[in-house]
Amino acid sequence: MMSPGVLWRDVWDSIANRGLDLLGRRGRAGASSLSSLCLDLLSERGEASGTALAREVAEQYGRLTPRGREAFFLSLLEPEYLADPQAVIAAAEKYRANPNSDTLTALCTVSEPLRQELFRRINLAPGGTEGVVRMREDLLKMLPEYSELRSVDSDLRHLLSSWFNRGFLHIERIDWHTPAIILEKLIEHEAVHEIQGWDDLRRRLAADRRCFAFFHPALPDQPLIFVEVALTRGLPPSIQHLLDGSRETLAPGRADTAVFYSISNCLEGLRGISFGNFLIKQVVAELQAENLGVKSFVTLSPIPGFRAWLNGLTLERKHELVGQEAKVLDAMQASNWYKRPQVEQQVRPLLLRLCTHYLLNERKGDRALDPVTAFHLGNGAAIEQINWLADKSEKGFARSFGLMANYAYRPLQIERNHEAYIKQGRIAVSGRVQSLLEAPAKK
Amino acid sequence: MMSPGVLWRDVWDSIANRGLDLLGRRGRAGASSLSSLCLDLLSERGEASGTALAREVAEQYGRLTPRGREAFFLSLLEPEYLADPQAVIAAAEKYRANPNSDTLTALCTVSEPLRQELFRRINLAPGGTEGVVRMREDLLKMLPEYSELRSVDSDLRHLLSSWFNRGFLHIERIDWHTPAIILEKLIEHEAVHEIQGWDDLRRRLAADRRCFAFFHPALPDQPLIFVEVALTRGLPPSIQHLLDGSRETLAPGRADTAVFYSISNCLEGLRGISFGNFLIKQVVAELQAENLGVKSFVTLSPIPGFRAWLNGLTLERKHELVGQEAKVLDAMQASNWYKRPQVEQQVRPLLLRLCTHYLLNERKGDRALDPVTAFHLGNGAAIEQINWLADKSEKGFARSFGLMANYAYRPLQIERNHEAYIKQGRIAVSGRVQSLLEAPAKK
Amino acid sequence: MMSPGVLWRDVWDSIANRGLDLLGRRGRAGASSLSSLCLDLLSERGEASGTALAREVAEQYGRLTPRGREAFFLSLLEPEYLADPQAVIAAAEKYRANPNSDTLTALCTVSEPLRQELFRRINLAPGGTEGVVRMREDLLKMLPEYSELRSVDSDLRHLLSSWFNRGFLHIERIDWHTPAIILEKLIEHEAVHEIQGWDDLRRRLAADRRCFAFFHPALPDQPLIFVEVALTRGLPPSIQHLLDGSRETLAPGRADTAVFYSISNCLEGLRGISFGNFLIKQVVAELQAENLGVKSFVTLSPIPGFRAWLNGLTLERKHELVGQEAKVLDAMQASNWYKRPQVEQQVRPLLLRLCTHYLLNERKGDRALDPVTAFHLGNGAAIEQINWLADKSEKGFARSFGLMANYAYRPLQIERNHEAYIKQGRIAVSGRVQSLLEAPAKK
Amino acid sequence: MMSPGVLWRDVWDSIANRGLDLLGRRGRAGASSLSSLCLDLLSERGEASGTALAREVAEQYGRLTPRGREAFFLSLLEPEYLADPQAVIAAAEKYRANPNSDTLTALCTVSEPLRQELFRRINLAPGGTEGVVRMREDLLKMLPEYSELRSVDSDLRHLLSSWFNRGFLHIERIDWHTPAIILEKLIEHEAVHEIQGWDDLRRRLAADRRCFAFFHPALPDQPLIFVEVALTRGLPPSIQHLLDGSRETLAPGRADTAVFYSISNCLEGLRGISFGNFLIKQVVAELQAENLGVKSFVTLSPIPGFRAWLNGLTLERKHELVGQEAKVLDAMQASNWYKRPQVEQQVRPLLLRLCTHYLLNERKGDRALDPVTAFHLGNGAAIEQINWLADKSEKGFARSFGLMANYAYRPLQIERNHEAYIKQGRIAVSGRVQSLLEAPAKK
């Protein structure tokens, strides 16, 4: 049977393929006839024929041009998709007079924008859930230009957060027994270290690799987020080492370490609805249950903000941090500086110290400045190690002079780390990393 | 693997079995420690350890006595489960000043009672969705005594309506290949014509029977609602005929009629969240797809309100409706009146006429007075036939003097019927039934 | 979809229900038309239309009366279902002249009775595998009367042994999630301790019970053999204790012992094709993998031949074995002797000694005389314990004065035990049981 | 869980990857220790520990070098894997004296080579069925050099024919939802028109394509044979047209024709055990059940023997068949002759007539000379059409000057066609093709 998700994609893709320009006018005009369909769907007619109407809404939406879709979302700002102002104001009055459970629930009920119910009814269409997610994907692209649509996005995100509650998701292991329709989505969405086609994918699913994804039952062919793990002996020196297609496969029973080297979202329409936190912890539990003898669960993560931060330092701060060695940094303007042993040896201790400082001390409010650091610390992980020349790709140098970080997930410390970080901004860090911070001995 | 649903049930049942009285005190006191767990779950700690906390909340709730559960729900009326009144009032002010999409969404967001988020987080526990449904089942039992809990129920129903959106349900055929854990729930929940154990069930799942249920992916072992269908040649004369265990099985290919003779909900906690409408139409579609040659889709339904209505008539109205024959009705006070041919023949035309009047003309507002009639007409069905002595059970006579109704579902007319009924109160009715309404020829 | 197995059953049952007597003549005459269909199926026509012809053969066979089926099997003794005698004799000559791999394979090939190919082609029908098994079930019933059919049975058993090779079977856990169509077969076929309906079955599938069955992929709804296991703390004192519906359920994690208390075959047509050996060992492995902490795997088994053996002893042997206490045995002729403490105490040591002697020393050739003992010893188990008053059912006293035996399966000793038993007739036995054999101290 | 098939493959591949030369000596010596393991497996020890021994046999075999495997198979010619000659000769004597069912079955039983039982016991290993199939694959490679192994192959083929009886196979639709581990086997084994990687495969599984395969339950990841079908409007002019990646996808509901354009076996070890016949007919039935409106089921097939036959004609026969136009054929020695309109027009009628003659009249015994023609006619198909320039690949011209044939499968005529062909050598052929045979009008 064709899965519902496929249905939507097919409708939309087939449109896309036939050249949207031709549809331009119709696509835009379509928004108004779509809007009247939507009002029907919200009316009592929707009760008798909800599924059929919802399908029609979905199909009409699918046929709209980008401009038509903008028109459609803008129409959702109109009063008929909002609420009865008098009822809202009356309920607000009652609440102000007597703020209690009854008056609050009443106010909340009447002030829910009708478009929330609209999206719930669009969900009746076959493949409707994916449809709503794809709608939000479209909407997110419009926000920079149409900031007035933020309230619509807020409603959609609220609804999708409820539907994609972690309690409804299930985790699945992805391997070479997985259907191709799912595997191709991994190839498409790997965001950290691009997958180079089916052969590369096959190697990433070998016996010493693990891949897990979250799925929602309404989108059976569509992973929401997936994580790639390498089973290794000891920590790998670099990401290139891990991804090397010619490496030998390690017998899983000989591994002592699980390296989480990539985590990617697949649905842009779920941006801001976070599963990564749950997924990593669940995968740690799955790996423990597999009883392979793996003791250590660490990430191998980029440090995306380090170089930009360093470049952005004022001279003063640079001086303060780096001292007289600032000139050393100049050497790194040369390409391939790291291949010259003398330069590399000078730069290394300095850069490790600066990076440690960046990870531990540079904050945005109480949280770590680096977004990846903030993510893992927020999950309760600890900064475990900083790796020199661990990502020799162009991107790796551009982001962080080739440095990468390991964050360790220790199941028994996660909650404590999380609380210390959230409440007091205290960062869990290994002694080894901590010691990098110390000023170098005078020479 | 043990299914999540089983988990909850098991926890709760094991408590129930051990005698709740003993737990009385602890159970009640437990509500306050549970409440502090709930606040934790809502706090930032809940972000790091949501699943573990949610599981603990579920288990503690499961251990509460009925009194303890009341105390727990009452605690949800407290301010810490509501909203920030100042923020609400400020948002309301802004809305009043400028009622638009932005201000409405902002108001709706801040006025959502925090307990909604609490229930969403309880959903993180294994089996959490069933847990929340069972919580509402408990809550519904309290409402008669604690009307102040209605706002909590309103929040819960709103949440469950969103989660149990038809778009998330899937239909399954139930037959003898279905797991026993599901089949026993049919035995337990059949509400219209009780199932007399496993042998009776097996006959109701024979080759000339169909049974379909809706399932939600988070409750894999728990049908939400199911409908029982008999495939027959022509309309069956009575429900007893249909349920007769000794009847011969009809080859399905010889059937021309599908008789929907029972529809039952399985989860009291979903009361007021209606699927029956969708289920019947979906089953009609499934049967059409089965290509058996069935042409006619009708119910065989009780008329639960007829006798009570007749008994409740004032003398005046009775006279008006029945005329001089009122005395005929007296004969029906005798038990077994219908076995006396003379009485039966006198009563029959009169009762059929009265019943037709009851179904067609007696209203509650615009809608039919009889709840079963109102349900099927609201779905777009037509009143097709009224059947004499079609339910000879004690209950059948007590409700409607043994009369039953057939409602016909004709796919092409459903939407038209629905609209005429909803908008103008017009009832779709067959000529045959219509003609029963005519006053009898003078004798 | 209807499973193939159901198809056959349905055809046959529907015939059976309609009264076979009426069909008597036709049923018998049918055997000859069936035989010509079979010859068609064996001919080249069978290559083009094998499936259709096989289905027809199956249906015609299903319609035959018992007499007709006898006639059909007798027809398989005719030359057209055997082989070309000249070819066989020629091949035998060549083999005699030069007995090697070539001549042997050639001889074996030409001497294969054509009816083997017939049964392989009947297997093409939907549900054909079950059909062939049911045919052998019929055949086995005829053997006592028609000993000439033994060669047909030999061919069938050879074929079914190959098809039901352990390598094609898979083990499945049976529990309350199992489809009813399979569960009802457990109720039907439990041969050791009858299952008293669905409620009893449900208790036998509770959390502290395990049930496993072997399935063949061609018979998805039909367990071949199943074993019932109780998880307990220590050895249970009696089978009644185990089966008691009102017992409390033990948390599986608290069990230290797995008691295999029943093993039953479901398909009479597979008689003589043994899976029990494999099943028990596989279940031991499954339970070990479940990691519950169970350390000890024992059976609780009847001793079916003990009382008959004792009764059948000549006076001389009885004297030799029992000595002057023979008179004590007379007391056991009284019913309820075991309820009289004095008798019970006198009888107990004597009976335990005799039973131990029976199990250890009474042989049929090298093998144990008692069939259950012979089965478990042949599997590599050890005699672990003999239990006094462990089966108080009527059957239990009739077979073995209420005694039952535990046989222990210790994975690491199975192979050694098996070899010692098979090659030297040495029986693995616990010290405790061994010591029962010693003559009682003089009083 | 790792599938059994993977297990074997992995063991063997890992050996292969490590360089077999090193193992040369050990691999060969291994054959004798393997042989003693095999004798163990056949002994009573095999009964207690069959699964473990079988696994060891499989692993040891996997580690053998090609030479070692030869030595192993040669050892199966030794007396200990054959039968007891005296018993065979005695049974043959009894049969000769009295050739009946009893004596035949007895003879057949004692003359079965023990190696058949050996292979049945190797089947006990996890993945054993695939192991036995792979063993035969190895054996088939040895036959050209070791013709004495033919008897072993005969035994293996006999066993595998019984195990891979059509009644045990199930058909599966292959599409983009199929696991990658199966899809990659399609890429590997497509024998007719090579699949150019994953993108090409994806197009061959598009909405207007169908692919079906037979599977055996013991080899879940391993298709045995698969067929590729294109849904089209009318017959496609050429195979290149069908395989063109840039073609538009036809809405399946608009198709009226199903074109079977490729059928490939995946397991060399099952050579000579034919499923293609069953598969095509089953796929016709599946497509009919899909209710797409497809009316016509035809192949688009190569004519592999045509050019070789034509080239091989004696001058006399060539003259007889082609007459004075023989010189026309010379034009076809030029490459790209078909691009010159004048040549093409001259050649076309002549070549079509010759090809028709080749298909209809050239025989090997009663059967068609061309192997593809013989296959489809043997299945009951009819020769429907011969297509000019329908395979413009190099291979296409090399085999048949670019000609291809359509064979039509008409369900109602299959049996009749088959019988007429098998019994009388009569070929079903369309009028259109028949008319191609007529001598051209004089010019």
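To keep things simple, chains are lettered A, B, C and D as they appear, and every chain counts its residues starting from 1.
Everything below uses one rule, namely that contacts are C-beta pairs under 8 Å (C-beta built on N, C-alpha and C of every residue); 3 or more make two chains touch, one makes a residue touch a chain.
Treat the numbers as computed from the prediction; the structure is a model and nothing was measured.
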(message) Which chains sit in contact with both members of the pair chain A and chain D?
(response) none
(message) Between chain B and chain C, what distance separates the C-alpha centroids? Give it in angstrom.
(response) 49
(message) With centres defined as the mean C-alpha position, give me the chain A-chain C separation in Å.
(response) 58
(request) Could you tell me the distance, in whole angstrom, between the mean C-alpha positions of chain A and chain B? (result) 40
(request) Check each residue of chain A and list the ones that touch at least two other chains. (result) none
(message) Show me, using the given definition of touch, all chain pairs that touch one another.
(response) A-B, A-D, B-C, C-D
(request) Sort out for me which residues of chain B touch chain A in the complex. (result) 44-45, 47-51, 54, 76-77, 82-83, 85, 88-89, 92, 95-96, 99-102, 104-109, 111-113, 120, 123-125, 128-129, 148, 150-152, 154-155, 158-159, 161-163, 165-168, 217-218, 277-278, 281, 378-380, 414-415, 418-419, 422-423
(request) Going by the contact rule at the top, pick out the chain A residues touching chain D in the complex. (result) 3, 10, 176-181, 183, 197-198, 202, 221
